[in-house]
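Look for chain A in each of the two complexes below; its partner is chain B in the first and chain C in the second.
Moving on to the complex of A and B:
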């Protein structure tokens, strides 16, 4: 909406380009959908990508960058800037809670994440909650909320069971959730999820939990993704049939990381979309990229790994119209890398969010 | 129809191999114990579409037949305890008849494969014993379909609970302000008994019974079984007295099954008097079981001598065939031990229409043994669950 306004406003500025228009020229532009354009110019105007082409734009300042340009990475779970503000623990379900109010735009924690190329983050409710609220999509670099009430987060794992609060059982959890959905008034988050208008993100870890989550999603007509599912490779058929995507939790622990690697390959083969979390609080700012690299080491191709961190992540979060690819009309969230963005030896040179330079390795004297 | 069956058996015999779905077999055994008292010698069993189609005694083995010294029905563990622990029981209330064991089941647990490979082909799953009345149990096949629905064997509905130390284990009085729902009754056996009795009284006297109370009313009417874990004599007494009290009040006649009745041997008269069935827990290594209940291998014999219907169980950790062997050591016959792990649990759980014996038309849940079952040197060498090989004898 905001973006379409900006585009509509652009012609009013006349034949000459707006003052804030510029172009980045790089040897490789990774569009994010798997396509790579060689020796290309990315023209940015009013914070939005105006064009990607091999022809030099006229009347626009051109910044030559030495390296690869890729869309900013999208993490489908990052609670760094939220502290413990993303879980209303006095009750198990607060489906109308708006996670954008848990977002601290000035948290110093965001800096590290942005410097590793993550420009968009989904802020979900905590794992201890059953229907903990509606996730917000935020830009940590710009300090802006990009989309409120973007995704309904549901906790269907053992972590959502209480030890001394109800429900303590999966039977109780599903009874509770069934009641929540039944009681949801028209237009409320759960009703919108049931109508397929708002995607859900259901946390389910063990195969049994995932199986149950898929059954629940089918019964209520939910669309969206399962978050967790390290053993998704054993549930490929069920996942494929469900139409749901998978968000893998980045884990440093070798055992579960191995599961994720196998599962990512299996899903890629079956063309089930998947993405990753960054979880920088526990994994550090590099976590998501490390997880993708681990998958690549086992055979996932670089294009698929990049898609999982850009275009596919945007689609799962429901922001693919504005984020996740470098294409006309998309937000100019761009990362300049020293080499291929999925290559662990590549460094981040600079990061643009909404067309603004928000991080420069030179300026910070980092990674040099 | 019958001729076509013979033809398909002949086709299998003539060397054309196994059909693609892997649920059609011919099995030859020197002996087939049917669990109904019959023994077929040198018999050929034809399995097709997951069912037993025909049993022909007195014939030679065909070339392609799976061979075994003895074939019996797959064992049924009436107290398999393969639920997912505390996540299977809703402890925010001590009486939760509406909770289904279904949600406490993890079909991906490796325990299922272990049960199947040791010859247990059906298992009764209950919510964990932390509530007075924990909820509805269910019978599941131990192998096959990946959904709970596909694995369920529809049987007699049973509400499951416990009388003893477990339901009061985590509760305690509050010091200062109550901080959790564990600061409440019951903290004692008296409290546990009170919760049971109160629930049934309230259900029986309710003007407009709610959904939970309707389940309890069905239990009072004998339409829903009452499956109560009670190890020690005092707890078995409590369960039996409750049933008698309900009958005296004119509320109805409960169908009571005592689970883990380790001390059922002490006072068999009250079980006989109330027509109560017993599931025996695994025999302990050192006499004492849970709640200090004393049990020996002779427990099964005492129940048999008193004509009490009983089944053996392994609690998910102990091999059921060894339990049957121990019960034989205590003095029951092989046939009786076999019935206690097949047909009797099937009848108690209301699934004997499908499983529990080797008869044409029943599910092809079969164990292929390398010798006389329940001997220390005998083991299952092949197991079929619904016609699928859970343990391949070849």
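Moving on to the complex of A and C:
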């Protein structure tokens, strides 16, 4: 039995608020910010974390879990369950596009993500657009859009250049983007990004693409992150000065990128926040954890690896007030692992999203 | 330095015929004389260097760890290991480092990881080609210079040995080798014959047809091996007869000479030439026509080398298990096997191991809803099937993910010891190298890892990689 229910205290009969409330008790609670609370109770009420403490809560059902509790992981790009509805092909820029419309909660692909402990996903525009629109933050387990217009996505890599349609060069791309920003009326997504109110996620892969993106961000006062940048270790000082974070993309095969391993170690040392994506990899939802594990086997601290998949990812996506950590007032997106959450040998026992049990290995695993 | 071995030459008829065949392709003329000379020690046209060549100067290395994992599930505490000339020569808790000998210490020492399904170290186009046959050899495609970066990464990740194959686009891709990642040097040149029954785009009838073609190739190889054996037996009988005749002739030499001289004289008088038969030359058994492809495949049919078959879908797998039942000596190994759970009982009973490449399930993929995804390794193992974990030979650099793949299999239900077996002792056993590598014992080759923690834990670092007694990677260096 992986999960055993027991009544910790006499249930308060008729207490309506407490019907929705329960507590998980585990040997380790990984808060997500690097802190680990031993032998702790996580109290959940109305889908939100009410408290994390060593003291047994009164009047709520306590579920004893055998293992470690960690915040649900956040993937900063996952478009598998969007078909290709996030990638407008005929126009290079659709800055007002709301990508929550690309979210298909009925896609079977989301299930695999949840069973690997990923409870929050950023759904951005395709790589071939320049100002493709505003990314949405979605919950694959609940099938809900958590936040619309969360991040402005910009495609600043070669993938955004056309072969026969403008712009075909980086000079043209930045001229086009400058025009888009200049023409953006007040209150529009690009104007909000320029005012630093909405974070951007700029896709740039090669070192010179990253360099150009950083210059543009500095000129326009953009905040947020660069997505791609496998060779970020060569640009640590520039990145540090820019205040931007880095999102590393999953790879096809091999699942671990040696460049990313080197870069993650360098960024960690320089205290530049970074995160991972789950898409585009042959390992599917596990790609994110495999890349993190590859970094750990090269010396990245387990706490830093966990932050990259939880607290730092939430901050990059601008949802740290509600997601990424197990703390009072945050969404009860909790994953129960058999061991340390960043260790690939750990198994997912159960997943809670918004306080609801959405996956249980006990119900799914044939081998248990 | 190319110091590697092929399997021991048992002087089997096939082997001799193969050697002869190579001589032929090398341009030697086939004459009655050369055929008759077959019983002489077979000339090796490409002489294989003596196995286990010893380095000129003895080299010593001392290793110590709090835990030495001797074999999966079995470990010893606080051990020292002395390595001399590439082999583990001493192990013990009270063993001290000899003075002046390089010493490496760590938390854990274990056998180096072996990727049983890889293309690292092999020239990239040879790996993908379809222009190979049963007799093609992976050792001919090794590319240590073109692949040096890939191979260096493997040393860092602790994957020090690989079973490589070529010709991923061909139905039968020939003889694969086990190599060391350090310099792509072969350890066993004829590790396995590999084939594939995996063509996702094909219609079911053609897919079954593929299996049947493989079955008839195996049948043909078996027939060939039988013919060669029959020929060998007949040849032996014939030779014995000849020897007997020779003795008789020697004994009755004078008498025979007299009688022959008389016959010659008579013939001359009659104006004829004497037609004589010294021996019964016309009755000399004739060998079957040499066929390199059949000879190579026959080694797999006879169980001399394992036969690795890449198969994913249930249709091919069911048919494959059916058609291979008569080949009782063949040592079948499945690679891929995403639908293998359906046949787990038969695989367990027949002792057929499966090389699993842990991957997520893809609902719209080849095996559809039946795809167990990452759980495949754990579920097969739970049902008694021996599981090996391989990187899948999709790209050369994929091999460096091997410890991550094994860890992911543990994270999806595979027992930790079984996962460690799947990348150490398992591949060593399946490819007949258990007397050399795959575990930590006195006398074995020093292909070892010094680690900061448990082999598969994500927070463990490879502190040092030792390949054939040589330190090929050290963390921080």
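Note that the second predicted complex is superposed on the first by the 340 of 368 C-alpha atoms of A that agree within 3 Å, B and C clash if a C-alpha of one lies under 4 Å from a C-alpha of the other, contacts with A are read in each partner's own complex, and residues count from 1 in each chain.
Keep this in mind: contacts are C-beta pairs under 8 Å (C-beta built on N, C-alpha and C of every residue); 3 or more make two chains touch, one makes a residue touch a chain.
Please read all numbers here as calculations on a predicted model, not as lab measurements.
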Mind working out whether A:294 is in touch with chain B, chain C, both or neither, as first, second, both or neither? second
Looking at A:167, would you say it contacts chain B, chain C, both, or neither? Reply first, second, both or neither. first
Quick check on the superposed pair: does A:285 touch chain B, chain C, both, or neither? Answer first, second, both or neither. second
Max touched-residue count on chain A (chain B vs chain C) belongs to chain C
First (chain B), second (chain C), both or neither: which does A:59 touch? neither
Who does A:302 touch here: chain B (first), chain C (second), both, or neither? second
Residues on chain A touched by both chain B and chain C none
Show which residues of chain A lie in contact with chain C when the two form their complex. 108-109, 112, 253-256, 258, 282-286, 290, 292-294, 296-299, 302, 340, 342-348, 365-368
Going by the contact rule at the top, pick out the chain C residues touching chain A in the complex. 153, 156-157, 359-363, 372-375, 378-379, 382, 391-392, 394-395, 397-401, 403-404, 407-408, 410-413, 416, 456-462, 475
Touching chain B in the complex, chain A uses residues 158, 161-175, 206-208, 211-212, 215, 234, 238
Of all residues in chain B, those that touch chain A in their complex: 84, 86-92, 96, 98-100, 102-109, 127, 135, 146-147, 179-182
